[in-house]
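Here come two complexes built around chain A, the first alongside chain B, the second alongside chain C.
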Partner chain A sequence: MTAELSSLTAESIQKELLGFLGERIKTDVEPDQDLFSSGLVSSMFAMQLVVHLEEAYDIAIVGPDLKFDNFRTVETMTSLVLRLRDASGPADDA
Partner chain B sequence: MPEQLADEHAFVGELVGDRPDAWDRSGELPADLLHKLGARGLLCAEVPASYGGLGASSRDNGEFTAYVGSLCSSLRSIMTSQGIVAHTIQRFGDRSQRRQFLAELTSGKLAGVGFSEPAAGSDLSAMQTRIQPEGDTFVVNGEKKWLTGSRYADFLLILGLGGDGAAAALIPTDTPGLHIDLVADPMGCRAAGHANVRLDDVRIPAANVLGGGGQSLPMLFTTALSYGRMSIAWGCVGIIRACLNAAAAHAKSREQGGVLLSEHQLVRRHLAELLIAEQSSTRVCEHASQAWDSASPDMAVQAVLAKHVSAGHAARSAATAVQLLGSAGAQDGHVVARAYRDAKLMELIEGSNEICQLILAEHALSISG
Partner chain C sequence: MAEKPTIVKCLVWDLDNTVWDGTLLEDSDVELFPGIRDVIVELDSRGVLHSVASKNDHDMAWQQLEKLGLAEYFVHPQISWGPKSDAVKEIAERLNFAQTTIAFIDDLPTERAEVTFHAPEVRCYAAEQATELTELPEFSPEVVTVDATRRREMYQAGFRRDAEKESFKGPDEDFLRTLDLVMEIKRADEVDLSRVEELTLRTSQMNATGVHYSDEALRGLLADPDHEVLTVTLTDRFGPHGAVGVLLLRYHQNVWNLKLLATSCRVVTFGAGAVILNWLIDQAAKAGVDLAADFRPTDRNRMMDIAYRFAGFTNDPADNLAELDPPAGEGVQRLHLAPTPKNAPNTMQLIAPGLAADLSRRTDGAARG
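After this line comes the complex of A and B, so read on.
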């Protein structure tokens, strides 16, 4: 899943995330669908999303970026991944 | 199996010695021992080396937690609280908060954490505590129940609502308006320094609110509790090991009816059940730690599973051990008497049996086709 990190685009991230969600929650979702208010996922699953994004895209999501709004839809998660990928390169935990 | 913290077992074992019995009866841990372990990074051993910690894996810290848990669940509870606070800072703190506070938590400062309220346990929506911005400070008001380690703590991590979401505030225990009332005669983990806490217009610098606030309450809770569940799960493995050791030693040395207890078949069944409990709990904890160490997306659910399985085994194993030891173990302070009271509390905290079952049932539904 972590292949081709260098060629990540909003489109490829969205596609992968929709696939991940479809597999995990057994429901097809739309890129702009609010996952939490629609009751599709729980707070336990929010943690799964955080861990999945960190692993799949080699990013560290910490501190202020852990706001719920960043995980609300596939689109907001995609923007988060792109922003963190663009920021300063290596994660600052190193 | 190489184990990063193996050398520390002897260090802690020597420091602790046979004192847990007396700590249980007096209801207090020696503060200098806590500061000594804290300064060595052992109370939150998973803090990365870049922040001054030992950088232990979940698995290695788990085995270490089990070892401490086999000696004294009050001391292990202090590790659980310290670890929860460190883990929450690591996830939700900004860069300078992580640098400052994690360095403090690995150099001797002690921390407790406040979730539950008089009217809000598992029901997060009933939470009343408020953490409100005011100029360049925050003001905290509310009440929290059963904060482990408060008696010894330099900081309390308080979760509450504020702004457009939730926040976690690190509050030094000498801040005006923070009132700490020790819980009198707790049933278990008697020396863990539990307290009820009231916050009346407690003013703290904005730098003490993790990530500036505006977090998701469920996400904050799940993050903090997940670490706590791992720590308790491994701590319960320790309780079970202590019970197994005490029961087997007793069975091998005590005679009844002209033969050793260990020759009685019904006693042997107890020993078999203790071994089964120890092995099953160890395996489920190892599995959960592997999920943590490989950053598996189901790490939070695995933590619930490990906690629930181990706490149940610990409570039953402690009852079995008391049964087998009879009067030899039926006195406060004795390792199995402590286990009996301590283990029961493990079925209540960080998600009761029933809450764990609800989470696991939801997971079962979500993974079925």
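After this line comes the complex of A and C, so read on.
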């Protein structure tokens, strides 16, 4: 699942997340759609999202990064993933 | 003092020449060994689950268990011609139990050896030991709580729930609404606390705030007007989930301090943590106070951390936290939230005391008297 980490781009993350969401909430979403105000996902699902992002992209989302706003849309989640990937430096597990 | 043995949470039975006297394929009228029914019923009442690993024709063996009036006691029975170690591992996996908490009983030494070889942590017993099992310490939990006696019932309700969830096509929240969930938050009494003790004992099932309060400490606070000890139960149309949570709250002038919030893992998927927090935030908003939640990150309470953050709790400094007692224990953070009114949950019915109203009645009374 984490095999393609080195070639991560905003585009590939978005695509994967849209697929994951579509499968889980059984409806198609747009990258800039507010998932929470639309009532599509619950706070409970938000937790599953956190765990999914961490496992799929080998990142740790802790403390202040765990705020709602970072998970509102596929776009905000994508930038969160990219920021945390950059912060953790180049992957040493080739 | 000898180390206490790990309590067996599920006992897996062989059938031929262990539960009943004979081989079902040769004698379709086999009878139970004397005393077996008593052992099964007694362990069940202690909260030990039963399952089956038998090399037999599935339908025939299950019909025989039904005929003997025992079928209802067995969860996830594995009746097939495959290796028993596979059956035992499958049962552990389905129940989400560690293999160290599984026991296996069979009359054949070769079957016990096969299980031991592939699942060395599973404890094996010979069939002739069956009637002595209830005397053994590993089958004798120290505390048998209200919930333990109903554990099988709760697991079986869980299986039916899971089966329906799998066949449900739609968002999780819509599915939750079909369950007719009712959460009750109530001020605890002694009996309620003994049910929560069950939660505390089964620590592997817990998402706690990482701050431990002993049963004794909680009991001591039951009558304290500055503290609220609250327990949470959940039921749905499949049956009870039992006691699923406990809260300890300390009132201050301008802040309520949530010192403990623990929920059972069983109810994480129902969003129970978020519903409890939402209710508390709404009550604090009604009372016009801030909330401070004590939290110590551990490797087991990640879900609770996320629940707090998503509810809006932060590490940002706040002036009114100064009036609080120092946090109980090392590494305990104090998360802060300025509450705003919240809507009632849309996935379940919530029955809960009006903390804000009760408190204001109390202060009015005190001012007059």
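What to note about this one:
Basically, the second predicted complex is superposed on the first by the 87 of 94 C-alpha atoms of A that agree within 3 Å, B and C clash if a C-alpha of one lies under 4 Å from a C-alpha of the other, contacts with A are read in each partner's own complex, and residues count from 1 in each chain.
One rule holds for everything that comes next: contacts are C-beta pairs under 8 Å (C-beta built on N, C-alpha and C of every residue); 3 or more make two chains touch, one makes a residue touch a chain.
Since this is a predicted model, take the numbers as computed values, not measurements.
In this superposed model built on chain A, chain B and chain C take up the same space, so to speak, and clash. Legend: residue contacts after superposition of the two complexes on their common chain; A:His52 is shown touching chain B, with no touch to chain C.
Contact with both chain B and chain C is seen for A:Leu66 once the two complexes are overlaid on the shared chain. Residue contacts after overlaying the shared chain place A:Thr27 against chain C, while chain B stays out of touching range.
When the two complexes are laid over each other on chain A, chain A has residues 24-26, 42-47, 50-51, 62-64, 66-68 in contact with both chain B and chain C. Here chain B touches chain A in the complex through residues 48, 50, 90-95, 97-98, 165, 210-212, 214-216, 218-219, 221-223, 226, 295-301, 304, 359, 362-363, 366, 369, going by the rule given at the top. Residues 24-27, 40-47, 50-51, 62-64, 66-68, 71 of chain A are the ones touching chain C in the complex. Within the complex, the chain C residues that touch chain A are 169-173, 268-271, 274, 302-303, 305-307, 309-312, 314-315, 347.
On chain A, the positions that touch chain B within their shared complex are 24-26, 42-52, 54-55, 62-64, 66-68, 92-94.
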